[in-house]
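Have a look at the structure below before the remarks.
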Amino acid sequence: MSATTAGNLAARKRGNSQKSQRRWALWGSYAALTVFVIGFLTPPYYTLMTSLKTSAEIGAEKGNPWIAHHPTLANFWWLITYPNFQRYYLNSVIVTILVVAVSMVISVLAAFSLARMGFKGSKTLGTGVFLTYLIPQSLLFIPLFQIIGWLGLINSFWCLVIIYPTLAVPFCTWIMIGYFGSIPKELDEAALIDGAGYLQMLWQIFIPVAMPGIIAATIFAFTVSWGNFIYPLAYLYTSSQEVLTVGIVSDLIRGDVFEWGKIMAANLLASAPPIIIYAFLMDYYVAGLTAGATKG
Amino acid sequence: MADGSTGAVGVLGSGRPVAARPGGMQRFARRRSTIGFLLALPLILLIGGLVVYPAIYAVWLSLLNKQMTKFVGLANFRYLMQRDTFHLVIFQSCLFAITAVFFKALIGLILAHLMHNISGRSQRIWRGLLLVPWVIPEALSTLTWWWMFDPSYSSFNWILNQFGIASVPWLGVGWIARFCTILVNVWYGTPFFMIMYLAALKSVPDQLYEAASIDGASAWQKLRFVTLPMMRNIISITVLFSLIVTFGDFDIVRILTNGGPLDMTHVFATYAFQVGIQSGDIPLGAAVSLFMVPILAVGAFFILRGVTRRTQEMGA
Amino acid sequence: MAEVSCRKIFKVYDGGVQAVKGIDLEIADQEFVVLVGPSGCGKSTTLRMIAGLEEISDGEIWIGGDVVNDIPPRDRDIAMVFQNYALYPHMSVFDNMAFGLKLRKFPKDEIKRRVDEAARILDIHVLLERKPKALSGGQRQRVAMGRAIVRNPKVFLFDEPLSNLDAKLRVQMRTEIKKVHQTVRTTTVYVTHDQVEAMTLADRVVVMNQGLIEQVGPPQELYHNPATRFVAGFIGSPAMNFLPVRMEDVGGRPAVRINATTSLAVPDQRVARYAPFQGREMLLGVRPEHMFDYRDANQKPGFARIDAAVDVVEPMGMETLVHFFIDGTPVCARCEPSTAAAPGELLPLTVDLNNMHLMDPASGRVV
């Protein structure tokens, strides 16, 4: 009797220590994560603070720069009513919508073909698509500069509509091949027997079933075309054609004059669409990205 | 019609003659692959026209003189190899990519483990916060870093000054500027590693840890003998992939330092841009870009091998 | 409603693997035919060729009086139920069943009428608005059948439809499938590897092995008169016992010599049948139910006795299976539950030679 009680006690004690060990690990994790989060969020925080300051406050160089002492929305207001900035924003939106649409059509059709239809050389093409994804943009911007020149599209944002899909399509196709490939073969066969043609099969079965993949791929295409920097920097130079990433820098930095409050406000406004999209659809995107790696 | 009793029902003689024999299903199958090809055609045209062709064209370009009027063979490459600046570029590109990827992978792994410790619901929020650097377009967030490193208004220097430490010329001195570009890249790229590793961690079955516990493994031993071997493939794929992407990075160096001070931070991408677009020597710029190819090819080869191997493992 | 006819059909895959090596099969209108065999025997390939999902390498398939070799699946007027159900995950049960009709441009009220009718037959009315994810395995199976029924096709094709269900549900759905067939009477081709399913469902069973048909016939026929050693061993559970024997002449009538000590005289009615095999090495086949404890049975003509040392005893409730070895060959007997058999003991066994099968070991054919 006493022996069993002692045994129980010891067991409980061990249980307790295990529990407290786990609790320590948990609190330790929270503490460490807090440090990282603070570090990671410092730049966005500082962007926000600067955007709320006037040029005078920034220039005065007095007191703590990490706090806006006299917060004002003047920078934002100025930008919203500034025709050039409106132009950049509109150009970015047009380019991005077109690029996303073109990229998704190309990659969904191609992924359906590569995952299901198969033709002579389709395996090689699949590998080729993956390799294309690994080619950095900094490798091709010089020959593309020449090609864009032939097409007469230097200094026209339409050149971005043509080039950006090369950045988006390989990875979108890769994601979609994974999602389409995980749809059981019997589903196509059932659809074939039910009387569906291939395009009906794609439109009515594959796309709805692989919707999470479609969302992930769309976000990727959006990210690529919204944030790209090197192509507009290389190919565009007048403000009527400029997009946000380059327009902000070239417009708000004139020689030695840095309007940091406005730059940071523009920065925030330009970052808003991706942040909003990610806030709602992050789970799909993460799932899409990691599916590629963890499944193969 | 026969009522379904037993036996065979002769259907010979009824129905269509056996004429259109060779082909129908074959035609059906051939039609299938034709449609398949047509569906992939836009992709083929896109990649062929705007990736493969420019790549080949880049090779041709790199063999021309500055005015693009004369074939000069490997002169551009030879010229580059003699330039000290270009040696610096090679060194810096490698330093930048390797150091940044190492820290991204290390911090990503640590973060993934920390995240794995905490429970599902709050994990989503923490993950969301930690992914912010990766969500903001690189060119835009680098602007903020540039502002924070500003020679006269640096907010980091203000903090240092509060502790009585002298201001640091962040982007003004070679090695410090190198550190800054790497720091920004690590800040920007770590979240990607974190989510990849977190997904990998989640895919390790719990039974393995339970079995290891029963075998008497400590937390460290579990990490060493269970977690890392199970994640090895993902780690290597992510690292190689990130090496390629980081190696080709343009935005950070271009915005922060534009290669300076004294070309101490130029990488392939920014140097090619400066030589090819800004100075107008397109062939030389193309040659600079092409120097990346061998390094990229090695990386791509190993990634492809890793991916195929992984696919096979998952299939088995 | 239609007949199905396979004439000398072959399937050769790209790698040169012959999955089906010339099958002839006539299936009558309204008949329920089950293709059964071990995995890799070509039964699924045959079904998929009938469906149009696999190209026919050679031969012809006729459905309802037309050669369908060149007709794509959607125009063959067939419906198929898959092993993993293949329900469209993003559609409700109603839409799943209606999909084929919608694609064929049926009017809305006709679609609704047909789906309701099928739902009534299968008793899935309350599920019509749900998504497949919210259904149990048995319910999904019903929906998959419903999808086939609404089309009112010429032929139903079932590809191992019960393999993903647990044992209890499988028995229940088996009955369900039989009931549905009795209601709608559509010609049915059903593939399974489970001989019990084959026996219980089929009007006729087709036993396949290595791309060829071993035997076609009603279930009882296959059980009592297997044509080959393969069929004899495949149909029936526990499987038939096979013993190598030597035919000999004992006083002018054939007998099977099992080993040095035991020789069994064949029953009178088989004397003429087995006489030509005098002196040959043959294979004796006896089902476990035709071997029992000598002490439990009234002896009849054609019964013979063997003594064997018991290896394992498995009480099953209504019977007890006794395993032992005869000259190294494992043998199983079905005894009364009251049997006194115990491991290691010598058990006297009755062998009912009226139900014996004798096979030529070279050809595998039953003589």
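Note that the chains are named A, B and C in the order they appear, and that numbering of residues resets to 1 at the start of each chain.
To be clear about the criterion, a contact is a pair of C-beta atoms (placed from the backbone, for glycine too) under 8 Å apart; a residue touches a chain by one contact, two chains touch by 3 or more.
In this text, all values refer to a predicted model and were calculated from it rather than measured experimentally.
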Would you mind naming the chains that touch subunit B and likewise touch subunit C? A
Dominant interface by pair count is A-B
Distance in whole angstrom between the CA centres of subunit A and subunit C is 56
Between subunit A and subunit B, what is the separation of their C-alpha centroids in Å? 13
Multi-chain contacts only, two chains or more: what residues does subunit C have there? 52, 72
Going by the contact rule at the top, pick out the subunit B residues touching subunit A in the complex. 32-37, 39-40, 42-44, 46-47, 50-51, 53-55, 57-58, 61, 107, 110-111, 114-115, 117-118, 124, 126-133, 135-141, 143-145, 147-148, 150, 152-153, 155, 158, 187, 190-191, 195-196, 198-200, 203, 234, 237-238, 241, 244-245, 247-251, 254-255, 268-269, 272-273, 276-277, 282, 285-286, 289-290, 292-293, 296, 299-300, 303-304, 307, 310-311, 313-315
Note: in the complex, subunit A contacts subunit B through residues 25-26, 29-30, 32-33, 36-37, 39-41, 43-44, 46-47, 50, 58, 61, 64-66, 105-107, 109-110, 112-114, 116-120, 122, 125, 127-132, 134-147, 162-163, 165-166, 169-170, 173, 198, 223, 226-230, 233-234, 244-246, 248-249, 260, 263-264, 267, 270-271, 274-275, 278-279, 282-283, 286, 289-290, 293-296
Interface with subunit C, subunit A side, in the complex: residues 184, 186-187, 189-196, 200, 204-205, 208-209, 211
Parts of subunit C lying in touch with subunit A, wherever the complex brings them together: 51-53, 72-74, 78-80, 82-86, 88-90, 99-100, 103-104, 147, 151
